[in-house]
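In the two assemblies presented below, chain A is common to both, partnered first by chain B and then by chain C.
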Partner chain A sequence: MASKVTERALNLVKSMPRVGLGNIKDLPTATYKKQVNRGRRQKKKGRGDKGQGSRNTWDPLGYEGGQRPLIDSVPSEKYYGQYAIRRQYPPISLLELQRMIDLDRVDVTKPVDIVSICNTGLFKFEVAKNHFGVNITEEGCDVFAAKINLEIQWTSELVIAAVEKSGGTITTRYYDPQCLAALFNPLAHFKKGLPIPKCKLPPQDALAYYSDPEFRGYLADPEKILLAREKLAQKYGYKLPDLGADPVKDLLLMRKDPLQIFYGLEPGWIVNLKDRCILKPKDEDYLRYYYNVH
Partner chain B sequence: MFRRQSALILRQFNSVISDVCSPKIQTACFKSHTSIDKIYPNSNLDYLRKPEQVQDSFAKTGSPDAPEKFTGYIPIEQLEVTATRSSGPGGQSVNTVNSKVEIRFHLESASWIPDWIKPRIIEKAEGKLTKDGYLVLRSDMTRKQILNQADCMNKLRNLIFAASTLPKPPTQQEIKVKEERLAKAKAGVLREKKDRALLKQFRTSPESF
Partner chain C sequence: MASLPSLTLKLIARRSQSSLRCGLITRLSRSYTTAREGTQISDEEEQSRINNLRNASGLPENLYKIYHGQAPNLSYKDLHKRKMLYAQLGAASGEDPRILWPSRAKLLDMEQEEIEEGSPLAERFARIQAEKVEAEKAKLERRNIIAKNMQQMPKLIAEYKKKQANIEAAAKERAAKKEILLQEARDVFGYKVQAHDPKFLQMTEEKELLEKAEKKKQKKEAKLKKSEQWHKQLSEPTPQDSTQT
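For the complex of A and B:
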């Protein structure tokens, strides 16, 4: 025997009127094509009376009846080019850097990078303004005398010569904007509780510069850098120091990994300032992500 | 207050960084998939070491028959480099800054120049030699001492290279071309002479015909 529910349903259906065209309706979401020009009298085809509208002789777009159109009135000048997307490296001179060192604003017994320079408070850059790091300029190349391990983003041959003449090392290094934001204000970055980002490789137009041993790029071949140092010493007429077992040699050779942005801290770590500890990922996926470029 | 706190924290972190990445455990530092030793596996990362043979990297290749060549390498420790004030306009900076560079060395006792080049240098740079035999080169081309020193080095290197260039012996092709041209010129002269002789003959009476 059928259940009560099914019995009731069947009775309902039996009592209802027959389905026909007169008692069914489409869903509210149904769409209909517009009925265009169908019917008995279609003389104007929806185009109205005379004029450009019915004769298809419209003026070209932007035409102002013979008056100089807006697009023609202002000339196009290409001298700005792609200034809005070009990378910028705000400058700081060797003289300023020497002054910072002399006044103990920068500690030369540790590697000096953009973080140390920004921590002095005397140099600032803005990632939002396409600033991609610091550019060391030539003023003060005669007076520069500091054995420094310097890591910057842009420089010239003369600056490299001045730094190496006084017994230091210099490296040009690329940081992508996300990393730069962390580097400019590490404290603010750590307070957000975000992991240390891994640095991206330079874009195509910058790759040549950062792989060039002449500019001491961080992606250059160390053997070629060795030769480039000798070549520069011969060009500018100074002798390179022979650091056999000098302990300062280890300091001068300290380099970050291409994906690393802080000395001693790895990408993926979270620096917990409140509890004064560092949280490191253990998951394999995370480790793989922070270990590889892609 | 907050700024000083932040400075303290950063200084403490700096000390953490120095302990972690101290020279003794430098090898324990982070090395990713794209570390330099993986990109260049055959390269020695210590580029502050003394290179094995520096002079050869500047050497110009020469034939076995040619005499010892100047490689371009100048030992700076064997030169006397002094800086003095430059001449010309420039106000306080030109009066006080030692930007002019003078390089001098005793030419005959220089072991880094092959002996056969030395008399040629004396020929080329007579005015730059002192009575005692010192070659003196000066430069105050720029406002920076380091660039003026580079200019002096450049001048010295160019001088020695210019003095050491031997006239190139002509190649077989060059000899052949020269001989052909000479023969052609000679043939042209002889033709002209013959034409001239014929003309003179036509002016005389036709006895011989």
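For the complex of A and C:
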């Protein structure tokens, strides 16, 4: 049996294209002498006629002929320091969500998460612009009436109250940018043949929010969340519907694992659209990697 | 019969182009195939000839394959291309699906990196709690300092007011003195003199010197008086002494 190295080398040689002048180059140690142009041509040394180019009297970088250069025209505002890299959560109102539900653009008989909201085509976000998910705003909190299992990235107390008053459940959930790209367009992700990524834990400044039962964080203690539900009902003065007696209790209590990004699919799986099958790794190294986060 | 061999010669010439457009020619060429239906074709050339015959559309090889969902015949495929082919065509691509996952070495490397970069969740929660407690403590400390300083406030205000009053009083005194001097100068010169007038300034200087001299004289006189008194006391006999003797 040939050794792995020779095998790989042979495979490389087999798969590489035929050697030609177009795909080889000299060794790094090769040196080339400067081409000395003898004759009339070398009079100006390639610098042209007169001017700054030949006399090395270029204007300083950024100089705009006396016009106030761009670097001078905009003042440096230190208080804007980190604003370009802060996390952003593009908003969508409760009213908009209710409208989507009423117009059957969102299926309430299944859990509603960022994928469902993006699949309506009415909400878009861009990972490259530091968008980290959907932010449900309070407009429409008094007309919201849909029993929904909602999973979003940012929200306020009033929205939580509105959703829970209608008999639904709400969870705030963090997704890292790689997962967000897959969530925004799952079709494109599967067409690239990439394995489903495992979701990383939130960064330190977001961890407090996503582990807070007041905001129904996915890392919070479930018992504390139940307590918070009751507290909120008392604060806003509505009767908290009994989840235990609910016919769609299983739907409302459906939650993703902290590492999972798609319902029913686990990290490490590969969805092949052509063969309409799922490829799952069996090797223990791979399973360990995809089912653990550090 | 004489025409048929010439037609087959034309076929052989055209085979390299792999574009058989005339249906008549294909029908005729079929009658000349060496293989029969159902037998194994071992020759690769024969196989490619058959494939060309099947390619009735006359599409180039790889386009035909893409259209029919077959793996294209590429001279060079890098890893990314192979992954994309598998994703696009599935098992029909002929690629090993194992290439879709990262290699074991890379996977272990990624895992190691994650372990090094990350810290346990319990630790992170503890850090959040600690930061909260610290913030509370700092707030409390600041409030204590403020309370302590506020207790001092009445005293500080009184001190400040006193200082301001002193400054004002001193200023007033100076102004009053100056006013007196100006009045005297007015009497001396016969008209209202300006304060910055050199005549007035000279007058004030002279006055100051006189006053100094006077003061010195008075001091000396006072000293002399004191010393005289002292001598007097010493020379006088005390009543106690007289009685004793």
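Brief remarks on what is shown
Keep this in mind: the second predicted complex is superposed on the first by the 214 of 294 C-alpha atoms of A that agree within 3 Å, B and C clash if a C-alpha of one lies under 4 Å from a C-alpha of the other, contacts with A are read in each partner's own complex, and residues count from 1 in each chain.
By definition in this document, a contact is a pair of C-beta atoms (placed from the backbone, for glycine too) under 8 Å apart; a residue touches a chain by one contact, two chains touch by 3 or more.
None of the values given here were measured: they were computed from a predicted structure.
Overlay on chain A: chain B and chain C fit together in the combined arrangement. Contacts of A:Lys50 after superposition: neither chain B nor chain C is touched. In the superposed model, A:Lys110 lies in contact with chain B only, and not with chain C.
Once chain A of one complex is fitted onto chain A of the other, the partner contacts of A:Val293 extend to both chain B and chain C. Touch counts on chain A: comparing chain C and chain B, the chain ahead is B.
Contacts of A:Ala161 after superposition: chain B is touched, whereas chain C is not reached. By the document's definition of touching, of the two partners only chain B reaches A:Asp242; chain C does not. Using the contact criterion defined above for the overlaid structures, shared-chain residue A:Leu252 touches chain B, although it does not reach chain C.
Within the superposed three-chain model, A:Lys33 lies out of touch with both chain B and chain C [touch as defined at top].
Judged by the touch definition given at the top, the superposed model places A:Tyr263 against chain B, while chain C stays out of reach.
By the touch criterion defined above, A:Leu201 reaches both chain B and chain C.
With chain A used as the common frame, the shortest Cα distance separating chain B from chain C works out to 9 Å.
Chain A residues 201, 219, 273, 293 lie at the interface with chain B in one structure and with chain C in the other. Of all residues in chain C, only 69, 75-77, 83-84, 86-92, 97, 100-101, 104, 107-108, 110-111, 114-115, 117-118, 120-121, 124-125, 127-128 touch chain A in the complex they form. Taken in their complex, chain A has these residues touching chain C: 15-18, 190-195, 201, 204, 207-208, 211, 219, 268, 270, 272-275, 277, 279, 281, 283, 285-286, 288-289, 293-294. Residue ranges of chain B in contact with chain A, taken from their complex: 6-7, 9-10, 13-14, 16-21, 23, 26, 29-36, 39-40, 43-51, 54, 57-58, 72-74, 76-77, 79, 81, 97, 99, 103, 144-147, 149-150, 152-154. Across the interface of their complex, chain B is touched by residues 107, 110, 119, 138, 141-142, 158, 161-162, 165, 169, 186-187, 198, 201, 218-219, 221-223, 225-227, 229-231, 233-239, 242-243, 247, 249-255, 257-260, 262-267, 271, 273, 290-293 of chain A.
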